[in-house]
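Next, two complexes with chain A in common: one pairs it with chain B, the other with chain C.
Entry: the complex of A and B
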């Protein structure tokens, strides 16, 4: 699945927003890499900085709202953090494409679907009018839109949510990007359509040899599609691991709590008996911008000690790029973890 | 004993393009003390059904009996007696709470409208309820924008509880919340139900959540119920092809599991011009020509299990 140098390599990324109370750090020193052909999921709750991280990669944060204040964003031997705007424009939408949660607001309501895709194809690939139209139809077919020729002349409002997301994906693919950044691509869709779109992204990844950076809050979706997962909390990465390891043996207390708090639809409930209460994470995320000396999760953590409120947790690395930031990280082995956590609680 | 009994419900909405058949022939009961989950894709009519069951919308045809009393076709005055028994919690607590009112005023209002208690008595009730839902009584003096999404949903639940209802309609009540907060609210709802002997009609697009909280689950497709069974059975022995497809589509938190290929390919047909016969037949993997004729009706498939399919 992975191998070779990463396509995208983020080191020490920090992004701040300007507010009336001064700069607020939404992303606070993130390392993240995406290998060729790999799907990396960036997961966390609202406000954790996952979308800001994705927007920072393409420097899509409007200058009056905020900026990248530190770090490197290596993509194809370039540093996107410092690249001039003109060169960056050649990368955006071209070699790195992005799709969003709400395709309705990302598509131009006054242009037909065909014209929007054709515009991108002509702009980025220099095709003529007729060639662009043929290519557009091929793209709609590639994203499995039925009757693609007829759809070319339709407007976004004439399509369902799932079809609109397919059009967004066709648009993203139009320039054969090496990296697709998908920000909550299925959150607004029904489960049946979500399954179709996730399967489609997977197929296209193979077909076009893309890597995917998936931003999501949905751990079940992560389990279905990701190769590797980075968990964010309050602007920082708290844990990263290959997907199977993260689910089988989460090491950070936040990851553990998060996984425990999602209802498992296949849990055996023994004939309609009332469900067990879900394990809760007490309290809530600190509002963005609150200065945190130690571990950001300490206030909500069941095993926090004094050290957690005083010093930022060190990074504990293990093989294959897994990492955890916690003073009391559980051991790597699943059995030991359970024992250790029981003991501590 | 049934708290709500609905029979022959029909509700169409008239639009410029024709009548949307939001609900087209639904019989369902909500039992005392149960949580009835309603699931289905967007546009299947689940929110409309929720509103019909709670008397928020009058049906075009059919009957809704709440505790034996007919709600359909009643005057506003008559409904006023029934309304306190039924309350609602919506998805977005930001838009369902008045931003210009303190939380205390919002919670007091239902008591004032129904002339319950003295002013001092009411204030004490508000304080007690805020505490019960996990907020400080001091929250009464503050405004909705001062609270997080999860806290606002607690306020919405407190408001719904003020009149000691028998039934609460939860329409996507936890859908906008983060998972850690969602777990808190689901647990709170379960506690309230136990403590006050409530029933819920719980509508959500998230099958995992409904599976967790509901006692019985009704699956809707284009304005009709296609299957209803207790939560365990519908998951382990789904009979309707649509229920099966829906359950197969739910992402599971188990990496590396063998992934079923997506079963359903097209989108939901238009509810303005639904397919004849069985409405699911255009997307159904086992449909036969005969499915286009008669519409299948819900038939008993054993205890507490009914399904509307010729091939079930």
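Entry: the complex of A and C
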């Protein structure tokens, strides 16, 4: 764990989308903090609100689509949830940068990659044309793009997926942000390129002294790069723990079920017949917007009792910043009990 | 410049578009060189009236009922038609694209206000509106351009708004917001360039429509009385339609050829800029 005050501190964040059937709450009271030099992973299945959380931090949700309705987003003694647009624009790209899921669609198809990065450099650092070009070349080199000078004048469609994501990262780094928000940065890439991009982000984090908020649904990615993990389910945080702890002794039934559904490459080497089917979580996530009285996961939980459907579970804190929201959370140190419950899942 | 080459190639490979471009260049050249190719004054009575085309080599297109050289009228008329078409369209495009972009980008109340304003122009039949404007403002080249621009912009505004609405949701626009770009920069650098193909095509077709409108106004006697225009010529010739139909037909063909040429070029642009064809 890295010490010091958190760089980003989200308290009670709630974000709603406007729909024809009224407001739908996509994020419902999230607490999350990212310390200096720390990589925090936000995981959960599609539609659980993790991307919405990330977008809320920079208020990237268009006004006609939705808005942050409650909570604070503390960054640098400012509250990004209520900050005026002009001041927010100085933070975007400058102090907090973001990389997106699909680098193919996150770059302007009509501008060369050099022009796009140079534009951001000039915008935030006030450099001249030539200096911006030199800086852009240095950035492309920093993200390990071979022949950076030649790439400057190429268009996004001339680059491979991995290269485009490197360009996106260069764009994000252009102003040496303190926090990098990475929204599923490797989902659109193939596996070998994924590993390279993750390694790159990790190296650059050290080099540039950034913190990283990583949004992903890929637990393998989490295990590789994160220091701390927050698990989201249906717009709420269900568990948060240091990464080793979460993988060794998950306390929330949802986390346990998620971990149980990771294929174990060593388990079925013995031949096809003996292979066990992967366990899956029964049921589906409640449609967004349905009012949930108790625990959001109760309907799909193997150990749910009446109380789970009636009352929202309290936060059970433990040392080193871990927390779990469950009426029947497994005890902290109980690998064995967890395993026993797993049998029932 | 790297992009221009394949674009021109695609455009050139399209036979009708290439023909349209050549015709349009010919009309433009004729207009520019009018004083050199024919009499400097198209109103001057230079020969006997009702000289049929081809009967006198000095007046290849003949003369009208007042003995005015039709070739001179056509060439000078080309200047007016092209000038009115281009300036009116440029003005309409400027207003329409600005209003459409603002409405589409900001949405909400601004969108509502601007779109209701646009509809205000669209609820009156456009040609009637143009006639009324020209009559009130006194016919002149300036007021005709104003009237044509006033009835042409709403369509471009609606198209621009629709394009901006869809492009605004693209990820690269989100990415631009996330690096702290201002609204103005996002509209001009990210959104409008990506909306350009359909706008360019529409705008080029609007030039043809503007030329037709100018001719129609002139035909109705609402043209600039000091300027020779194709519509004026057709209008003047209609009284002798039965005895000397060529007086109407010659300027009529000029209108037809020019409008057709612009349409062919517009269609060619449409094909050349279509991303589905571009991918090949």
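To be clear about the criterion, the second predicted complex is superposed on the first by the 330 of 345 C-alpha atoms of A that agree within 3 Å, B and C clash if a C-alpha of one lies under 4 Å from a C-alpha of the other, contacts with A are read in each partner's own complex, and residues count from 1 in each chain.
The rule is simple: a residue touches a chain if its C-beta (ideal position, glycine included) is under 8 Å from a C-beta of that chain, and two chains touch if they have at least 3 such contacts.
Note that the coordinates shown come from a computational prediction; the quantities given were computed from them, not determined experimentally.
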item: Room on chain A for both chain B and chain C (clash or fit); value: fit
item: Partner chain in contact with A:193 - chain B first, chain C second, else both or neither; value: first
item: Partner chain(s) touched by A:150 [first = chain B, second = chain C, both, neither]; value: neither
item: Spatial angle chain C-chain A-chain B, Cα centroids [nearest 10 degrees]; value: 80
item: Touched partner set for A:18, first chain B, second chain C, both or neither; value: neither
item: Touched partner set for A:224, first chain B, second chain C, both or neither; value: first
item: Chain A: partner with more touched residues, chain B or chain C; value: B
item: Touched partner set for A:97, first chain B, second chain C, both or neither; value: second
item: Smallest separation in angstrom, by C-alpha atoms, between chain B and chain C in the superposition; value: 6
item: Chain A residues touching chain C - in the complex, by the definition given at the top; value: 58, 60, 62-64, 89-94, 97-98, 100-102, 105-111, 119-120, 123-124, 168, 171-172, 174-175
item: Interfacial residue positions of chain C with respect to chain A in the complex; value: 107-108, 168-172, 174-182, 185, 189-190, 193-194
item: Residues on chain B engaged by chain A in the complex (per definition of touch); value: 41-42, 148, 150-151, 178-184, 186-187, 190, 194, 205, 207-209, 211-213, 215, 230-233, 235, 245-257, 259, 261-268
item: Complex interface listing, chain A residues touching chain B; value: 45-46, 146, 160-163, 190-196, 198-199, 217-221, 223-224, 226, 243-244, 246-247, 257-259, 261-272, 274-275, 277-281, 284-285
